[in-house]
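You will see chain A twice below: alongside chain B first, and alongside chain C after that.
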Partner chain A sequence: MKTKREFIHNLKELPRDELLAPGSPLCAGCGGLLALRLLLKALDGNVAVVNAAGCMTLLAVYPYTPLRTSWLYTTMGSAPAGAQGIRDALDVLIAKGRLPREEDLRVVVLAGDGATLDIGLSSLSGAIHRGLDFYYLCYDNEAFGNTGFQMSAASPYGSRTATSPATPLQAAGTLQQKKDLFEIWRSHHPPYAATLSTADPVDLVDKVRRATRLRGPKLFTALAVCPPGWGSAPSRGFEIAKLALDTGVWPLKEAIDGKVRHTYIPQRRRPLEEYLRTQRRFAHLFSPQRQEDVLHRMQQAVDAYWDEVQRHEMPPR
Partner chain B sequence: MVGEQGGTRRMLTGNAAAAWGARLARVEYIPAFPITPQTEIIESLAAWCAGGELAARFVTLDSEHSMITAAGAAAATGCRVFTATSSQGLLYGLEALWTVAGWRVPLVMVNVSRGLAAPITLEPDHNDILAARDSGCIQLHAETCQEVLDSVLLAYRVAEDPRVRLPVIVNMDGFYLSFTREPVEVPTPQQAADFLPEAQGEPEFRASRPLAQGVAVLQGALYSHFRYQMHLAQEAALAVHEEAAADFEQICGRRYGAVEAYRLEDAELVLVMAGSFATKARAAIDVLRSEGKRVGLLRLRMIRPWPAAAVAAALGHRRGVAVIDQNLSPGLGGILFQEVAATLARSARRPGVLRSFVGGLGGKDISLGEFRHVVDVLAAASDSEDLHGSELLFTEADWQQVQSLVQLAQFPETQAVPSDDGRSEVRR
Partner chain C sequence: MLRIRFHGRGGHGVKTASRIVGTAAFLSGFYAQDSPIYGAERRGAAVAAYTRIDTKPICERGAVAEPDLILVVDETLLADPAAGVRVGCEFASALLVNSGKEGTALATELRLPCPILTLDLTAVVLAVVGRGSAQSAVLGAAACALAGLGPLERVLEAVQRELVELGLEADEQARNLEAARRVYADLSAVPARPRLPASGQVELHRPTLAKGAASRPIILAVGNAAARHTGRWRVFRPVIDQEACTRCGVCFALCPDGAITLDERAYPVIDYENCKGCMMCYQECPVHCISERQEVQAW
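Right, the complex of A and B next:
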């Protein structure tokens, strides 16, 4: 079940303009790059992208940039503060008449899940707390991708990373549960927070458009298929992202002033296993022998989540 | 009260003087984060922003790392930016400091020196600011509250000059300046405006002209090119500072050099110092002079860019030079000694004796006796002496005080308890 779209209804209505030109040193099939491309389309240009260290840092390598927007690379831990400086400075310059209003920009932080949930969490929390008028895109590939896929606070339980290998001593690979970014955000009371998927560009653009009407922090996290890290063929990106939605492991939702609404509720969820089997980072759950307990826990977590959603958002049958 | 140069004379702490500097510079943006002993600076500015005396936007960030990033980003966008920190805060923000210096943005930051943890302490030494030595930021070290205010104004002229475009850090000592009230002549708004025009840089980030800043560089040659540009900009800052200092003298009547000489004319023995403890050295020199000793002081005001020519000219022909470092690089000794020695090693005329002393760590006093000791060592040393390490200035009284405190710390283990025969015995 999908909610009614407000601003765009089908793929044909996607803005044609490309603010992200082809040609970058990023991997083929990078889901994060696709999420950025769609977000920029939704924002219609006039953007300053403030970047935290990560894969996307390699978008702008002197003397080239594929972006038709402005760009500032900051550090890994303080991109939201960079956005603060630019936003505040633009406000000051416009108020003083040093910059014409039509020269104003939308400020967008672009950060991976490690920069978001680990090293940059304090800076991000501060920016939301201050009510900064900005956009935040977390491309969540569920590990430190740029450095070779080490475990981050977004790595899901049961996934294998370069620093949480699957061994007889820790058969599951990653033992921790993924931090819940959406709920961390919601606890800060931003006007807008949402999860995004590259498998549903219409939903993605619709949400970004909806957010543009609000002042304050507008926060987005997109599941970012990462072929080298996840161990999947670059050509299967859409399929994997779609499976994440249909198995329910990546819920699509938004919170406007804290009120949560799922924008897609899979009626009959597919077994999580179908998603897990598409990626080598979960291969240890199936061979040399099947880890029933780990798989069970993972499926249960998904089921419990949707039971809760059912109670709150679905009409009783 | 109207001062000699037309400004207003007030009793100001170093912190208040720094805040006045920012106010007179008509800064537009102030990202802040509290830390002792600089907090009074941001409190003053916050009050002025809230009260309308200063038309700037004041924002409290979540850390110094964020604060310096925001400062750099706002400066990169085109605002005149001021910020302040101290000690642990400076180190917490150090990554961002290197980053914004690499962006080549003209912001001004005041650092209030305070010894670094561990052990955590409050009073000053210069290990904090010297940890930022190679960041690319220009460093001006103030001796008085007046100099703090004036240096902030000078700093904007240097930072914003197209030949430079680097952040400038104005350093003052915690407590000795930050919390000490001194008479300060506050320039009039007109004087400040004559010296430093309104911020007018072209805004950099704008819709009509997308710009990529701080982009990655993946070749050593290109990286070398950009880093060396920063070095050249630092070198250019020497002349830019001179020009600005000359203008400042014309308008406000006070002159500042990269270094400052005190009673150097006929001095055979010279002490080299930075910061507010140079005032203690001046007093000691007056006493020693009255006893007939030909001693003088060279105060290092500009640490980056390093004023090599001025240092060589002031010290080259002396009989003895002692650098008193208020910092310690464990395993090496005083840091500025290395820079002075390297400069003199390259100059044609070297002083016969060159010694390194470390004093004033964590705000420990340097007494007249200690200055006298330094001068005695210089006077007694021979030109052909062997290599000497850095000597710590530490008096018998300091030693006694430390011993009694160490003993207290050990008290529970060495508790005296009465024994059966009435005598006390010490049980471990």
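Right, the complex of A and C next:
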């Protein structure tokens, strides 16, 4: 079940203008790059991107940039602070009459899950707390992808990363639970927070457009299929992102002033195993022995989540 | 010391190949050091990896500028100055190119000051391992054969150790081992052997830093990355049959790089200079009007 879209209803209405030129050194089939491309389409230009170190570090490699927007590069932990600086500078210039109001820019922080949930969490928390008027896109590939796919606070339980390999002592690979970024954000009471998927570009653009009407922090996290890190063919990116939605492991939702609404509720969820089997980072759960306990625990976590959604958002049958 | 340099594109497996050689040397009782370049190791981007082998501890670090052996997985890299394939090739006793061409033809074309060997590693991988597989096993085996590391069983043990570490399934390991066995056998008869020179002197030098405006990393152009031509990364080329196309816009929406644009009649057009060949469009086209063709040059 999908909710009604407000601003865009089908792919034919996707804006034609490209704010992202081809030729970036990001991997073929990069889910994060696709999320960024679609988000920029929704924002219609006049954007300053503030980039935390991560995979997107290589977006602009001197003297080349794929962006047709401004770009500021910051350390992994300080992108929201960089956004504050740009926002303040623009406000001051406009107030002094040195910049026409129509040349104002939307400030967009671009950061991976590592920068968002580990190193940059305090800077981000501070910016939301101050009510900074900005957009935040977290491309969540569930590890530190740029440096060789080491575990981050977004790596899911049961996945294998370079620093949480499946070993006899730690057969599940990653033992920790993925931090819930959406709920961390919501606890800060921002005007807008949402999850995005590249498997639903219409939903993605619709949400970003809806957020443009609001002032303050507008926060987005997109599941970013990472072919080299997840161990999947680049061509299967859409299929994997779609399975994440249909198995329910990546819920599509938004929170306007804290009130949560799911924008896609799979009526009959597919077994999580179908998603896991598409990626080598979960292969140890099936071979050489099937790890029934780990698989059961992962499926249960998804089921428990949707039971809760059912209780709160769905009318009783 | 023996210095080996591998050139390829991210995903070809040059890092693993350098580790295979390092492990094979270690198992043979040598000191060994292997490392990839760090920072731009994207799938499809030009990457390099190094292996150093010696009978005593290795103190030399960093990129190999005076290689005894150079192995190139993708011949399009030879035309890319940024890939640095030719750096120090005057020191090399052989440069092996993964190519279906004759070595002599390539030698005339490239005019390099070192012997050129060719072997179609891709053909072996496609035939034995399967499509879309990395070339680490065959490349590692090729380097071992040229460097004189052996016997075959020890080389295969090194290959297997590295593949296990990558988490390959047993049947994938077996196919890779078979491919490695073939390549090792093919190259064992090659006369070109790297010389084993004495250890080179390592010189430290003080970096000179530019001052002021010259050193500020500011890019004033917009969207100029298209000049990088990432289309060279491609293994397969997506081709749209415009007659069958329904203009649904799926390929346009899903291209991560924005390499597909819509013309004035809303038909999709692929920018082949920059399409990286992820083949998502081919996979997802609802009416299957996109076909794939193997590129001749790459792989």
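What we mean here is this: the second predicted complex is superposed on the first by the 317 of 317 C-alpha atoms of A that agree within 3 Å, B and C clash if a C-alpha of one lies under 4 Å from a C-alpha of the other, contacts with A are read in each partner's own complex, and residues count from 1 in each chain.
Please note the rule applied: a contact is a pair of C-beta atoms (placed from the backbone, for glycine too) under 8 Å apart; a residue touches a chain by one contact, two chains touch by 3 or more.
A quick note: this is a predicted structure, and the numbers were derived from the prediction, not measured.
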With both complexes superposed on chain A, which partner does A:98 reach: first (chain B), second (chain C), both or neither? first
Determine, under the contact definition given at the top, whether A:90 touches first (chain B), second (chain C), both, or neither. first
Could you tell me if A:67 is touching chain B, chain C, both of them or neither one (first, second, both, neither)? both
Chain B versus chain C as contact partner of A:58, first or second or both or neither: both
Contacts for A:7 in the overlay, against chain B (first) and chain C (second): which applies, first, second, both or neither? neither
After the superposition on A, what does A:126 contact: first (chain B), second (chain C), both or neither? first
Should A:77 be classified as contacting the first partner (chain B), the second (chain C), both, or neither? first
Chain A positions touched by chain B in one structure and by chain C in the second: 58, 60-62, 65, 67-69, 71
In the complex formed with chain A, which residues of chain C make contact? 10-11, 39-45, 132, 167, 169, 217, 219, 221-230, 233, 248-250, 252-259, 261-262, 266, 271, 274-280, 282-284
Under the stated contact criterion, what part of chain A meets chain B in this complex? 45-46, 48, 50, 57-58, 60-62, 65, 67-75, 77-86, 88-93, 96, 98-99, 102-105, 122-123, 125-127, 129-130
Sites on chain A touched by chain C in the complex: 11-12, 14, 16, 18, 20-31, 33-34, 37-38, 58, 60-69, 71, 148, 160, 166, 198, 201, 227-228, 231, 233-239, 280, 283-284, 287
Report the residues of chain B in contact with chain A in the complex, numbered from low to high. 28-29, 31, 56-57, 59-63, 65-67, 69-79, 95-96, 99, 199-200, 203, 205-208, 210-218, 222
